[in-house]
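One chain, subunit A, links the two complexes that follow: it is found with subunit B in the first and with subunit C in the second.
For the complex of A and B:
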């Protein structure tokens, strides 16, 4: 142990300890440290008196202000509900057609509806609502279940292929995986489906398969997609004669669809959004479709 | 390394390596259809390499008996180099995930490279790989110097270092395979956790036994901090990771806690990991290398005392501020918040004690980038502890929580404080350890300093901006009670800040690469003439070879 000595630079004494050349000064604790320590402790004690803080046995100190976060949240929610009341009742009760004719209502739809759409729908359908592989475009005026406002509202509420009790159901069977058709038949059927929209693209070999494909179509597909392949809105079966495709209209994708089937899911929203918001979204979806046209 | 072990030590190292092979073999067989099995195979492989090296050099000459009266620095050398390698790897991954937020498609369509898996690779790699190795390495060095005693054992330091690194490798490879316990900063699964418990107990025992044979009447401050780090991390790690594995042959486990109790345990752990891993341990580092480099006495012994006990006592209460406005009872949040506010005082007293120690050495701070690293580290320590206490105030937290502000705060601490103090310590330590006159290039240290500082500042400023903008956008309501912005709008608004952050992170990564190169070139420089002193007391528990 070395002796305490005076540090030449500060003029302060050292403690007399030394470790591998490191010494320590015997500087007293600076005033600001003591002051702020006292201050922060004082503020904390004051806080403990005012707010809920310390537990004891089965309960905790409530604080003399008697404030609790549950009650604060409830107040916030009721304040927010009061603000929303200015438009919510109108949107949840007025006829959708009447709202579509109301310019003021539609201005509101375009601002608030856009935000609702981005927060709830854009993850699948895209911020521009143009969809992508597996997720239908909402701006091409092609509707699986129908584009009327009541139909769209129903789809929003119950979803497609969900666990909602009133869900819409639509499934493209896995003809290959389930052994309903063999590889040759699937090839012929693929050619036939391509021929419905783009007959000129088919090779000679494919054209030769068309009679077999047509027969298979009548047996396996027509019940949902209709005799002519124009689809059936009652069961959500898409039109196969146009240029709109959900998963892709190229030969490989069509063959994959026939082999493995499809069962896309649209979530149900009636337990997550209220009536006003659902109707607002319906109007918004119809509106962007109309504007893009 | 093996040449510094006696034959007896070589044979006990062989037993331990054999044990590793057996343990790994058990995991490999029990978990053959699982990632657990792969990790078991990796342990078998590592144990076999160690065994092979030990057997092939078993009959080499034993170290001279005098060398037992010298400090044992081989483990520290290993730890320093490995820490720098982890730094380069983990900051690279960090910058990659930063770019993923700008270009989300940069995962190359692979599962292992998705954001959710790479992010814990980055955090574990930096905190445990880089930080952990740096702490173990410097703690061994500081412990011996300030106790004037050789490490109490020549094999156990290797158990600690090699075992700890195997744990880190199991952790990061596990994440890439999709294995996670889903607890932030405690993601490794049960078998890796148990493995670490054994390693950590060895570390603790080694530390206490070395301290017990010290030749100094008092225990130096740095050792208080290192001891707190080792002891509390053990407690935190064991309690937070209590879990029931699905089976002994499966990596998956379920936490023993559920619901809000699980959340509270996790953030009690999370916050004290910040306190005792990232603060206490690195303060230990600061308390040795800063006064050594500055050549100045510690400003105030009393401030060291109140800071140490203040930090140790107060941090334990503060974890609940991570759960403001959640299902956690209001009173728990409030209690954590008040302790967080008091906590700023001992934190600033520590930073102040470090900065005031530099009085009388400011010209060195100007001229010597190594000391400047430690000075800037103390400044960032003060800055981020103030920021942390500020963010712990509930109304402030309602703005900052879940935003990039938190990310900025963490990086002010991790880059500005933890990494900078380590760089300062390493540049002081490396020439001492390898007995070189100086570092290979002081200009490269200078370059590293400015890259690290500018990278940190760019990072932190961009996250402050994006965090506060996010917070304000999320809480903005229109007059009719609807939200003013969608979440997507806030994501769009972040784009420029995410680019800036990734650029800042890249600068910091580049500095790390330069640091590793500089250290490597220093090791390759010729050694100075060295006269061993051999003044340490004999190591009682190691019998001299006959």
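For the complex of A and C:
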């Protein structure tokens, strides 16, 4: 420890520490640093006064602006609700058929409905609503439950095979796994199902199975898919005679369907979306269906 | 006064204590009041606990680092409420140890994803997100379907959670492994016992669609399907403006 002394070059004092002749300057804190430090303290005091800050045992200081995040967002939401009110009112009360005939309404459906569809439905049905394996196309004019606007609206509200109390139920039984049909019968039925849409593809061996398949179909399948296999909308059973398949029309997939069953789930939306949004989506789905054709 | 630090700096032990004291002020001011202020965590009656299968799924969610891209916290902002649903309340993560609020969103918030999609969609999406969302940048987690879930020790997980305040009963802890199985096997005897213990509202399903094995996929999908559904309180929030809207805030 030496004595603090004035440094001849800078004119500042040293700290009085010395290491092998090296001495340390005692440079004061630069002014800008002091300035900004004071400023931050000032700002924080300002915040203490204006905003909720200091906690005490059983509560916290509320600040003179009396700001509450929840109230702010509630105000924002009611402001945007007011902006939407002009069309929400129209879409939630006007008859769907009347809206479809209204060109202005449909222009709005095409822009706003597209966004709703992308946000909520595209993950399953695809951005173009053409579906994918396990998720049906909505533009092919082949409906499980029906393409009328009221039917679609109901499907959106309650979903298919969901927890909703009014859910639509549609189950294709696991005929193989549950031992209702044996492997032979499933093979015959598979050939028969293929024959409904693409009879020309069958091998001779498969053609020989058709009479057995037809009989089994009448016994086991017609109650849901109809005598002719064209599907029944009351039970959401698909048409098996067209070239559109939810899961797949190749022999392996059909056989898997018959063995393990199918129970596709369409979520219910009446708790996530409001009436106007649901009706907008209904119109949107019908509209893209019509345009794709 | 400004010169006093010279003295402090020469006394190592005192200096260490001084640092700890100053550094802890910020923490204490933020944390301590949470233990005493009632308003922080709302009181709700219908709050459910995570089932053992969901706890297992949550552990996988943490292990795989899903929180690095997904938050589970809808903030009190208009666009968030309109896109995801009612903002998150503290009570909704009351049984989250650790909480998974997250702060990074490469993907969307998941706080209300429960029941938005079907089990089959989650399975397809986790195996390869590009199967269902062609432009997705989310990694594929196909091995979850191959890995058999280890669930014999779920009782230990539950009792650890009970130590930090989750109200699991002795019965739940004792039967944790059986309940894990039961939740993923609809129609089985264990499924009935599971529903009896955890209530009608709980989700019994063949989550991954494979009836032969309980996989890690089962657990993770069960967990995703419960997100935002442990209590309905956020939906009943007294603010009438906090209604369910999702008018599409864009992509």
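Methods note: the second predicted complex is superposed on the first by the 267 of 293 C-alpha atoms of A that agree within 3 Å, B and C clash if a C-alpha of one lies under 4 Å from a C-alpha of the other, contacts with A are read in each partner's own complex, and residues count from 1 in each chain.
Everything below uses one rule, namely that a residue touches a chain if its C-beta (ideal position, glycine included) is under 8 Å from a C-beta of that chain, and two chains touch if they have at least 3 such contacts.
All values reported here derive from a predicted model rather than from experimental measurement.
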Pick one for A:60: touches subunit B only (first), subunit C only (second), both, or neither. both
Quick check for you: in the superposed arrangement, does A:27 touch first (subunit B), second (subunit C), both or neither? first
Per the overlay, which chain contacts more subunit A residues, subunit B or subunit C? B
Pick one for A:290: touches subunit B only (first), subunit C only (second), both, or neither. neither
Under the stated touch criterion, which partner chain does A:69 make contact with: subunit B (first), subunit C (second), both, or neither? both
Taking the superposition on A as described, I'd like to know which of subunit B and subunit C A:222 touches: first, second, both or neither. neither
After lining up the shared chain so the two structures overlap, which partner does A:13 touch, if you call subunit B first and subunit C second: first, second, both or neither? neither
Once the structures are superposed on A, label A:82 by its partner contacts, choosing first (subunit B), second (subunit C), both or neither. first
Look at A:115 in the shared chain and tell me whether it touches subunit B only, subunit C only, both, or neither; answer first, second, both or neither. both
Between subunit B (first) and subunit C (second), which, if any, makes contact with A:97: first, second, both or neither? neither
Hey, what residues of subunit A end up touching subunit B and subunit C alike? 15, 54-55, 60, 69-70, 80-81, 84, 112, 115-116, 118-119, 122
Of all residues in subunit A, those that touch subunit C in their complex: 15, 54-60, 69-70, 72-78, 80-81, 84, 112, 115-116, 118-120, 122-124, 132, 134-135, 162-163, 177, 264-267, 271-274, 277
Sites on subunit B touched by subunit A in the complex: 145-146, 148, 216-218, 220, 288, 291-292, 296-304, 306, 310, 325, 329-331, 333-335, 337-339, 341-342, 344-346, 348-349, 352, 356, 359-360, 477-489
Considering only the defined contacts, which subunit A positions touch subunit B in the complex? 1, 7, 9-10, 14-15, 17, 19-30, 33, 36-37, 40-41, 43-44, 47-48, 51-55, 60-61, 68-70, 80-87, 108, 111-112, 114-119, 122, 127
Listed in rising order, the residues of subunit C that touch subunit A in the complex are 6, 29, 32-33, 36-39, 76-78, 81-83, 85, 87, 115-121, 124-125, 131-133, 211, 235, 239, 241-251
